[in-house]
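In order of appearance the chains are A, B, C, D, E and F, and numbering begins at 1 in each one.
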Amino acid sequence: MEEEGIVKKFCYMNRKAPYGTIYALESLEVVLIAAAFDQDISLVFADDGVYQLTKNQDTDGIGMKNFSKTYSALGDYDIKKIYVEKESLEERGLTTDDLQALKYEDEDDDWAEKDSLFVVGRDELSKIINEQDVVLSF
Amino acid sequence: MSALHIVNKSPFERNSLASCLRLAAKGSAVLLFEDGVIGAMKNTKHSDAVANAMSDVSFYVLGPDIKARGLNDGNVIDGIKVIDYDGFVDLTTEHKSVQSWL
Amino acid sequence: MKFGIVINEGPYTHQASDSALQFVKSALAKGHEIFRIFFYHDGVNNGTSLGVPPQDDRNLPNEWSELAEKNGLDLVVCVAAAQRRGMLDEDEMKRHGKDSNNLVKGFRISGLGQLIEAGIQSDRLVTFGD
Amino acid sequence: MKFGIVINEGPYTHQASDSALQFVKSALAKGHEIFRIFFYHDGVNNGTSLGVPPQDDRNLPNEWSELAEKNGLDLVVCVAAAQRRGMLDEDEMKRHGKDSNNLVKGFRISGLGQLIEAGIQSDRLVTFGD
Amino acid sequence: MEEEGIVKKFCYMNRKAPYGTIYALESLEVVLIAAAFDQDISLVFADDGVYQLTKNQDTDGIGMKNFSKTYSALGDYDIKKIYVEKESLEERGLTTDDLQALKYEDEDDDWAEKDSLFVVGRDELSKIINEQDVVLSF
Amino acid sequence: MSALHIVNKSPFERNSLASCLRLAAKGSAVLLFEDGVIGAMKNTKHSDAVANAMSDVSFYVLGPDIKARGLNDGNVIDGIKVIDYDGFVDLTTEHKSVQSWL
C-alpha cells in the first residue's frame, strides 16, 4: 500500500520533562498510533524532553502512571529514528548512560538488534528538523 | 522552500524563542505572535539576541498582538516585518512547513 | 491550499483558540481550504456546550460551532484526550453509562488517526497551543 | 494548623492537581485541618463528572470526591471560571437553561469571595498551578 | 466591622503579559471582589506583568475584550498600593510614561487625588513581598 | 518566621526560579518540586546559580518528583535537603506564608 499513498516525514518534537505535564505521555500515545500509517517517523528529544528517556523512573511517590517502559517498545512499532540533542544532554549533566538503550530489530539484516537512539549535535539536529514535512510539538 | 517557525511566548518567560533560534535552519522564517511579540521589541534585554539572529533567519511579528499589549509598531526592531493574520496565512503558504515552538 | 489546524488549549485560559480562530477566518477569506481542525490535549474543552461566558465576552465554543456550520468545517475532538477531561457526545455518554453529555453542535469525537490523516492530507499543519 | 488550598489547573494536563492531592493527604494524615480547597481558572475542570480516564490510570475528579467525602472537605469550584469553561451543577444548569450538568458529587460552585475567605481563615494558603 | 475581624496583608502577584493568558483578567476580577473584604491589599506587577498596565491597549484585532480600562477604577475600590518593579520595566525598555497613571482620592485629605502606582526597586519589592500574609499568584 | 517559596518549573524552561531567587528575601526557604526539581540537580547549566543563592536562602527539593524523573538523590546539589510530601507540609507550617511562583 505504501507506494500508492503519500509518505511524509513526520517529526514528533519533545521538549518537556515527563510528569510535570501530560505531553510526554500523549506524545507516546500518538506515536504508537502513527506507526500504523506507513509514514516516515522521527522522534526528537531536546531541551527538558531528554528527561523523558531517563532510566529508573519511579512514579510510586507521586501517584502517577509510569509510562517510561513504553519507549523500549517503540522498536517493535518500527520506529527507529530517535534523536536526542547532544547539547541538551550536556547542559543537564546527562550522558547516554543515564538514558534507556533503545533498539529495534532490522528485518533486512536477519533481525539483528540495532540502536534506534542517536545522539546528534545541534547542527545535525537542525538539518533533520528542517527536512521534515510535518512537525508535531509536545 | 524553507520552514516557518512560530513562537507565541515571551523570551522573558520561556526558553521557546531561544530553542527556536538555536535549531531553526539558516534561511528559515520566524513569526512572533501572542505574548511572543515581546521578543520583537526594541531596547529589551533580549533585543540584541534577536537582532543578531537576523543574519540567519527572517523575522515577522503579528501586529494585532502588538497593539493588544499596548505596544506599537514603532518599537519593533528594525528589519522585523509587521504583518496581520492575512500575512500570517500567506507566510504559511510561502514556507514548506510550520513548526510551533510550544 | 489545504490546511490542517491543531488546537492544544481550551478556551479562554490561553490565547490558542482565539489565535486559531483568527487564522482560520483569514485562511477561509483568502479562499483556502480547511481540511480539519483537530482539538487535542486541553483543546478538547473548546467543544463544550455548557459554557456561559460573561455577556460582553466572546463565546468561543459557539464561534467555532457557527464557523463550522457556515463553512462546512470538520471539527474533531480527540477521543482519548476528551475521555480524560470529561467531554462526551451522546454516543460516548451511553457507552460509558454517563447521564449527561456536553459536546456542542458541529464537533465530533474521533481518534488520533484523524490527526495523522490531517498531517498527511493537508499542505500545511499549523498548531496553536500554550 | 488550618490550610487553604488553591488549584489552578485541570486534571492530567499539568501535575498541579496530583501534587495538591498528595499534599492534602499528607496534611490530613498529620492531623491538620483543610479549611477549603478552591478550584480556580482551569482548575474547575477537576470537578467534572464526565471523565473516563484509561482503566490503568487514576481518576482525579473521583479521588477528590472520595477524599472529600471521607474527610468532610469543602471543595469549591469558582463560579466565574466554571461558567466560562462549561462546568455546571444542577442549579446552574437550570438557571442558564442548559440541559446537562457535569459536576461530580462533593464539589460545590461558589464565588471568588470563598477564595478570599480561605485566605483570611486559613493559617496557610498553598497554590498549585502551571 | 474591620477592627472585629482579621485583617491580613493580601498580595496579588502579576507576572504575565495580558491576553496571551487569562490570568491578568482573572486577577483583576478577584481584586475587585477582594476589595469588599476590608483586607490590606497590595498589587505587584513584575516580570512580563508590567505589560498589563500599558496605555493604549487595543484588542480589536485579536477578537478579545479589552479590560485595561478597569485598572483606572481600582482607586474607586480603595486599592492604592500598586507596585511595579523598576528593573522589570528597565529590562523591557519601558518607563512610567508607557504605563497608565493610576490614582485614588484620599478621603483623609479632602479627597485629594494621589498616585496609587509606585515604581519600586528589587530590594524594596522583596521587602514588600516578604511582609505579606497571603500571596496569590497570577 | 520567614516565607516559603515554591517553584514547580524547570529553570531551563521558565523564568520562575530566577524571579523567585531575585525577589525572595534573605533567610527565606525555597522548595523545588514537580519539574522544578531539575533546578536542584548538580552539573547542569543552572547549578551554579542555585548553589550561589544558598548563601541567602535555604533550598529543599521534593524526593518523589526526583525519582519520577529518573533522577536520584545523589545528584542533588550539596546542601539542598531532600524531603517528601510530609516534609513539604511541615515546611509550610514552619514558615509564615507560602508563595507559588507560577
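We take it that a residue touches a chain if its C-beta (ideal position, glycine included) is under 8 Å from a C-beta of that chain, and two chains touch if they have at least 3 such contacts.
Please read these numbers as outputs of a predicted model, since none were measured by experiment.
*Asks:* How many steps does it take, at the fewest, to get from subunit C to subunit E if each step moves to a chain that touches the one before?
*Replies:* 1
*Asks:* Please give the intersection of the contact partners of subunit A with those of subunit C.
*Replies:* Where subunit A and subunit C share a partner, that partner set is B, D.
*Asks:* Farthest chain from subunit B, comparing Cα centres?
*Replies:* Centre of mass proxy via C-alpha means gives D as farthest from subunit B.
*Asks:* Between A-D and A-F, which chain pair is linked by more C-beta pairs in contact?
*Replies:* A-F
*Asks:* Determine whether subunit C and subunit D, two copies of the same sequence, contact each other through the same residue numbers or different ones, counting it as same when over half of the numbers at the interface appear on both sides.
*Replies:* same
*Asks:* Sort the other chains by how far their Cα centres are from that of subunit A and give me the top one.
*Replies:* Centroid comparison gives E as the farthest chain from subunit A.
*Asks:* Take the average of all CA coordinates in subunit A, do the same for subunit E, and state the distance between these two points in whole angstrom.
*Replies:* 44
*Asks:* Could you give the separation in Å between the centres of subunit D and subunit F, each centre being the mean of its C-alpha atoms?
*Replies:* 26
*Asks:* Between subunit C and subunit F, what distance separates the C-alpha centroids? Give it in angstrom.
*Replies:* Averaging C-alpha atoms per chain gives centres 38 Å apart.
*Asks:* I need the residues of subunit D touching at least two other chains; which ones are they?
*Replies:* In subunit D, 12-13, 15, 19, 22, 41, 57, 80, 125, 127, 129-130 touch at least two other chains.
*Asks:* Can you pull out the residues of subunit F that are in contact with at least two other chains?
*Replies:* 8, 12-13, 15, 34-35, 64, 84-85, 97-98, 100, 102
*Asks:* Quick one: which residues in subunit E touch 2 or more of the other chains?
*Replies:* 19-22, 47, 62, 64, 133-134, 137 - these are the residues of subunit E that touch more than one other chain.
*Asks:* By the touch definition up top, name every chain pair that qualifies.
*Replies:* A-B, A-C, A-D, A-F, B-C, B-E, B-F, C-D, C-E, D-E, D-F, E-F
*Asks:* Subunit B touches which residues of subunit A in the complex?
*Replies:* Those residues of subunit A that touch subunit B are 13, 15, 46-47, 122, 125-127, 129-130, 132-135, 137-138.
*Asks:* Can you check the complex and tell me which residues of subunit C touch subunit D?
*Replies:* 10-13, 41-42, 45, 48-54, 57, 61, 80, 83-88, 92-93, 96, 98, 100-102, 130
*Asks:* Enumerate the contact residues on subunit A facing subunit F in the complex.
*Replies:* Residues in contact with subunit F: 16-21, 47-48, 51, 54-62, 64, 66, 68, 91-93, 98.
*Asks:* Which stretch or stretches of subunit F touch subunit E in the complex?
*Replies:* Subunit F reaches subunit E through residues 2-3, 15, 19, 22-25, 28, 96-102.
*Asks:* Taking the complex as given, what residues does subunit D use to touch subunit E?
*Replies:* Result: residues 6, 40-41, 80-81, 111-113, 115-117, 119-121, 125, 127, 129 of subunit D touch subunit E.
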